[in-house]
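Heads up, there are several structures right after this.
Same chain, two partners: chain A is paired with chain B first, then with chain C.
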Partner chain A sequence: MYQVTAVAELPGHDDRAWAAAWNPSRPILSSCSADKSVRLYSYSSTSDGTLKFNHVSTIPTGHTKTVRSIAWSPSGKTLATGSFDSNIGIWEQEDIGEDELGAGEWECMTILEGHETECKSVAYSSTGTLLASCSRDKTVWVWEVHPDADFECLGVLMEHTQDVKCVAWHPSEEILASGSYDDTIKLYVDDPTEDWYCFATLTGHASTVWSLAWSPKGSYLASASDDKKVRIWKRADNYRWESVLAISAHDRTIYSVSWSVGRPKSGDGSLGWLATAGGDGSVKVWELTEPAEVEGISKNAPPEHRLIATLPSAHGVHDVNTVSWCPRGGMEDVLATTGDDGVTRIWKIVPE
Partner chain B sequence: MAFSGALTLTDLNDFITPSQACIKPVEQTNKPTEEKGAGAAVTEIRVDESGYYEVSQAGISNGSTNKGRKLEQAQISLNDCLACSGCITSAESVLITLQSHTEVLSVLSNDVDERIPIISIAPQSLASLAAAYSPQPRSASSTNERTSITDEILTPREVFHRVRRFCTSILGFAYVFDTNFARHLALKEHVKEFIERQQEAQQKELTNGDSVPHPTITGALPLPMLASACPGWICYAEKAHSEMLPFIARTKSPQQVMGTLVKQWIGKKLGKRPDEIYHVSVMPCYDKKLEASRQDFYDDVFKTRDVDCVVTTGELELMMKEFGWDLNTGTLSPVQPTDGPSLSIPVKKNTPINLPGVSIPELLNHPGTSSGSYLHAILRHFMSTSPVPLTLSVKAVRNAADHEEYILRETPIENGNTSSKIVFKGIKCYGFRNLQNVVRKVGRERGVRVESGAAGRLGSAGGAGAGRGVRKIRAVRKGRGAEDSPSAGGEDEDRRFDYVEVMACPGGCVNGGGQLKPPAMPNSAALGDIDAEGYKRDWDGEGVAPSVGAKWGDRDWTKKVEEVYWRDAKNVDEDLVADQLVDEVLEELCAGDDAERKRLLRTEYRAVESDVIGLAVKW
Partner chain C sequence: MPTEVFNPNPVVFSPAKTLGRKSELLAHSLWIDEPTSSDDETDNVELIDQDEVFDLIRSIYDPEHPNSLEELRVVSAPQVSIDQNRITVEFTPTVPHCGMSTLIGLCIRVRLLRSLPNRFKVDLFVKPGSHQSEHAVNKQLNDKERVAAALENPVLLDTVEQCLRDAGRRGQPVEA
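Now for the complex of A and B:
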């Protein structure tokens, strides 16, 4: 039905490439690596409609260990890096030249310290006022973003019993999700009169939860696990989420999941496209649709899912560490992957 | 990200197993090697109830009865834990049980042990007991076994008297004190230290402007001064934020001042050496056990600690229960406790009679916070010594009682100068989360690098963080230049802090880890926990138990203990009496010798550097 076609190959990291993040407001893609650097690329459409990527800048970061995770603020002006040196770096450009697009010097505005051990993931909330991070120290931290690159710690959530692998914010509400080596997913909200707290623990995976992705409208949450399954959780009530679907998606650990609106053939009841990737080296794209409303079908009927495209060996023999849909309008069918080969690759999903 | 050989080639530590953090090395004693018999080169480890044995293969095949050489057990002591930064608290909390109430009972029941037993009780522990044994608001549901049948409201003072009876008549303690007088002494020293630091800072400002976090000729350390009474905070700072250590007050905590008072001052009165006294303290906090175990509080000459054993509020309650002591009546319960061991430990400690009476003021009141009023002691000092009247304003940050700013201003003179110069700015900051912000703020304001975790450790190992390469934070951003000179105009909000009362627990010491848990009260009658016929709803069975309820319950409980803490605060100002006694004590102990006073009442901190470097440890 669909084909995953190669758009660009972006080598340059000296060690495995861990993650890639698309700037939400400007045509910039960033990647981070065990070589402790962040690479920035600008991109544009050529006259024949193909995408062209240019390496514009490399941030050496100064992290003393692997940069494991990167996240853009919604404004697209600030970049956060989460490193195995336990710290989070906050990066900005002094002057943003309209035509330079990410080129030039990126300055470390501040360092967020507090994690005892490796920081595994960082994420900005949808409004950009909150930043979350998680670590092998089993904690999830919530920071409030203040002017002048100042940050205030709003919460240290010690709910997981093991290494926390990922954090992900709801696309519109201030709900935070975290996935852990303890096989669970935890959901948190702010108690207006007090602190952040965990309001739900989602159990079901039989092994580490490596990655989380909210559906574009936020009524579903997808989780990727070492148990080779992707689970879909549905919002049954304001603060209740239920497992409605488990897809045996890959032959080995699934390290990454990403959810976009996609380019479905029919918009009716579409929940968008879900991309998964992991230790088996393949990238898969799933189309999800709301369950048909039939009399007698329970409220928690699973969404319908359909594998619409498969790309084997996306990075040769190497693991795929991250898969990430481009969030920009008109590019909903473009995704980036990073692999143990140190390369970032860009792919487009095209109808066959 | 495969589990491949590549794992050893990078700094990836992404795969873990539990409790990997303990790095206590197994020490080699290098005993002279024994003559090895034939075939002894191959040995096995054999395990039975009595221990581990190294047995030669020959021994096994011969079926000989030779049990082999008994192997020493690897042991981790509290001191090993304190010296290690492998983990922050987990192993410690396990080892802490070594300082337990059973240890106290075994000393007390040991007839050979002739030490004079003295016990000191923290006021927060008394408040916790008083709250738990007072009738609960929802007395209809008397699921609370502690609740008295009478509706008597217990005060900490009454609890103290009842506990004192228990400790003397049942356990055989010679003296029972509260720690408030020691706190009085500690607060005075705390204020003294603050003044020293402030004078030093003012001196520096006159000469070169900014203060540097290093001791100078006068030896005074920089501002802001951070409170030092919370052992959880000290432990965390030593392990994760060594850059904060110069700011932490050197004054000992009330527990350790009490230790000095008991072993030195009271010891002298009794004609006893420090090692002839067994000093137990009752604290709201597990980490106080760690504090008492610090090397700084060990007397090398007499081989004894200022506080020999620390038990928590919960452990004190347990002892009372085990002995059938009814705190509701302050007498032995007529009915023996049904559960637990019956009085199998008859404490027959032959307490020496004719000991002199030692009188110190009882339950001195220190208005301010239930965590010791450290900030308020300094506020009071300013209010009472300022040549011009001062006005105090208090602002809760983000509506949280655990994070409040206290600002003292010169009261503007009416119709005249409207200036309201800030004289002092302090923060009260409780809980781990607020503590993070204080660490960040102090680091930012005072230009010291916040360093924690692996980065800090690597940084300091590699030479003052030079290897980090992360560009220095732009310290002063546009429009915030006022920060640098506290006396500049527009100082109000940007003035740097002078003092922070730091406590690791949310809610402070009344919510310490060693306090009694909230009585098992039904979640909330309003929620319909109990049906019309008085049956408790089975939340588990119905699967909709609101987990939020527990959270609220705990917070309400802390509020209740806080309220009880202040319940019988006497209006009588006993400060004069206490002050006099402080003078007396100091005269007797150090006779006006400043250095000796500091030796007795102050302590030191040291950064605990980790030898764990990610690259060296694989898991």
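Now for the complex of A and C:
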């Protein structure tokens, strides 16, 4: 089994910290908050191998309401912010110096307007050519990213009947998933001759879907819900996804799920590590493995799941709003969490 | 703002006698927003009971009447239950089609958010069978993202503040 050990505590937000996002290419972590700001931290390994975090910059953002979500482009050069003021901010740093790592001025390149009410989530596609956003206005927008911070709206998807809480792109294909207050998950692709369209609706959750995470190779999707369950959906066919597993994971609403390759002891058939967190204040790590191939068992057998680590009260008495695995090589066992206490915390999963 | 009055003629009940007990003591610990040095609040657990929670919400005004939630029997002490750090508050809309129910619920939630130590998790429900959109109202009131967004809406926040303006009297008459 494993232990969740504390690496760093990063206070600074004056209000609830909603989300944290790791820069995929540079050692920078960002967090956003109801205080309308984004905070940036750089990190490095000290000689004894421990990680050290430094606050390098705060972007006041200019959003007039809560900054609910943040996302880095795959290049790590651009940061998108989604706010309750219904807008999306696109941020870049002028003249990135090699040793600056996020310090210095972050410039607002553009503001994407279009949503009628709170924007709740933003996400870049794996190639960085597309940005998705969603809102309480029940819509999902797909934006094409052009040079010079120019964005073109390719489609407004009005499939959900209630607020859309989250959007997440498949790790390698241009498939978009959205989770909603209407308890469903929708999957979308681009039809080359038509527009973006919804090709599947995944039902099973009994309440709001708060968060989505694709497995590292993209053959599974995990969803976290107010019904206190995490569901795992498997790609049965190109456009067919089926519910294969439901885990009663937490005692209160699950606000966040994150999936990474992790550091499983045996790499054989491993689907990596899934981290979950929510209103009960705990963070849990699950190891998932492909089902053994047994004659006669349907190919939609659920993956094996094992709870390998539990951290109660990760943010004291407060809710945990986001859990996020570091996507960078060599840090597959490092997690960031944000809480209602306004703090961002860094954790490492270590074998006992 | 809505102009329709959902329940033009509500039944008004006289408030229960204020409980004289420990309220003085508790009033002090709860009035002030979180104590500034509350790092170890779990070591210093204050006793919060059903009556205490009821005291906090009984004097909230109904959004469309000059009466308190207690006077309209929207809230009552037996409708509060506490299990360790989890508080469940049930309230009864005055009429089943009450369009003000989410606003009333929001007022109760804000009042408790501001008054209770933050180790408490509050779940808020309308009395089963008391509202035609029971599920929708419950879902909205327990979605913290929706609550947070509502409180960033200046018009809505102002309405909530109006309903909470005398909530601090905890069942006592308004001072002349």
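A few remarks follow.
Keep in mind that, in the parts below, the second predicted complex is superposed on the first by the 352 of 352 C-alpha atoms of A that agree within 3 Å, B and C clash if a C-alpha of one lies under 4 Å from a C-alpha of the other, contacts with A are read in each partner's own complex, and residues count from 1 in each chain.
Basically, contacts are C-beta pairs under 8 Å (C-beta built on N, C-alpha and C of every residue); 3 or more make two chains touch, one makes a residue touch a chain.
These numbers were taken from a predicted model, which means no experiment stands behind them.
Annotation for chain A, partner touching more residues between chain B and chain C: B. In the superposed model, A:65 lies in contact with both chain B and chain C.
When the two complexes are overlaid on their common chain A, residue A:207 makes contact with chain C while staying clear of chain B. When both complexes are overlaid on chain A, the residue A:9 reaches neither chain B nor chain C. Of the two partner chains placed around the shared chain by superposition, chain B and chain C are both touched by A:319. In the superposed model, A:194 lies in contact with chain B only, and not with chain C. When the two complexes are laid over each other on chain A, chain A has residues 16, 34, 65-66, 84, 117-118, 120, 136, 163, 181, 279, 319, 340 in contact with both chain B and chain C. Of all residues in chain A, those touching chain B in their complex are 15-16, 34, 60-66, 83-87, 89, 107-111, 113-118, 120, 136, 148-156, 162-163, 181, 193-195, 197, 199, 253, 255, 279, 319, 321, 340. The residues of chain C lying in touch with chain A in their complex are 41-42, 85, 118-119, 121, 139, 142-146, 148-149, 152.
Across the complex, chain C is touched by residues 16, 34, 65-66, 68, 84, 117-118, 120, 136, 163, 165, 181, 207-208, 226, 252, 279, 317-319, 340 of chain A. Residue ranges on chain B touching chain A, taken from their complex, read 1-2, 6, 10-14, 16, 18, 88, 240, 399-400, 432-433, 436-437, 440, 444, 450-456, 458-459, 467-471, 473-474, 477, 480, 547-548, 551, 555, 614.
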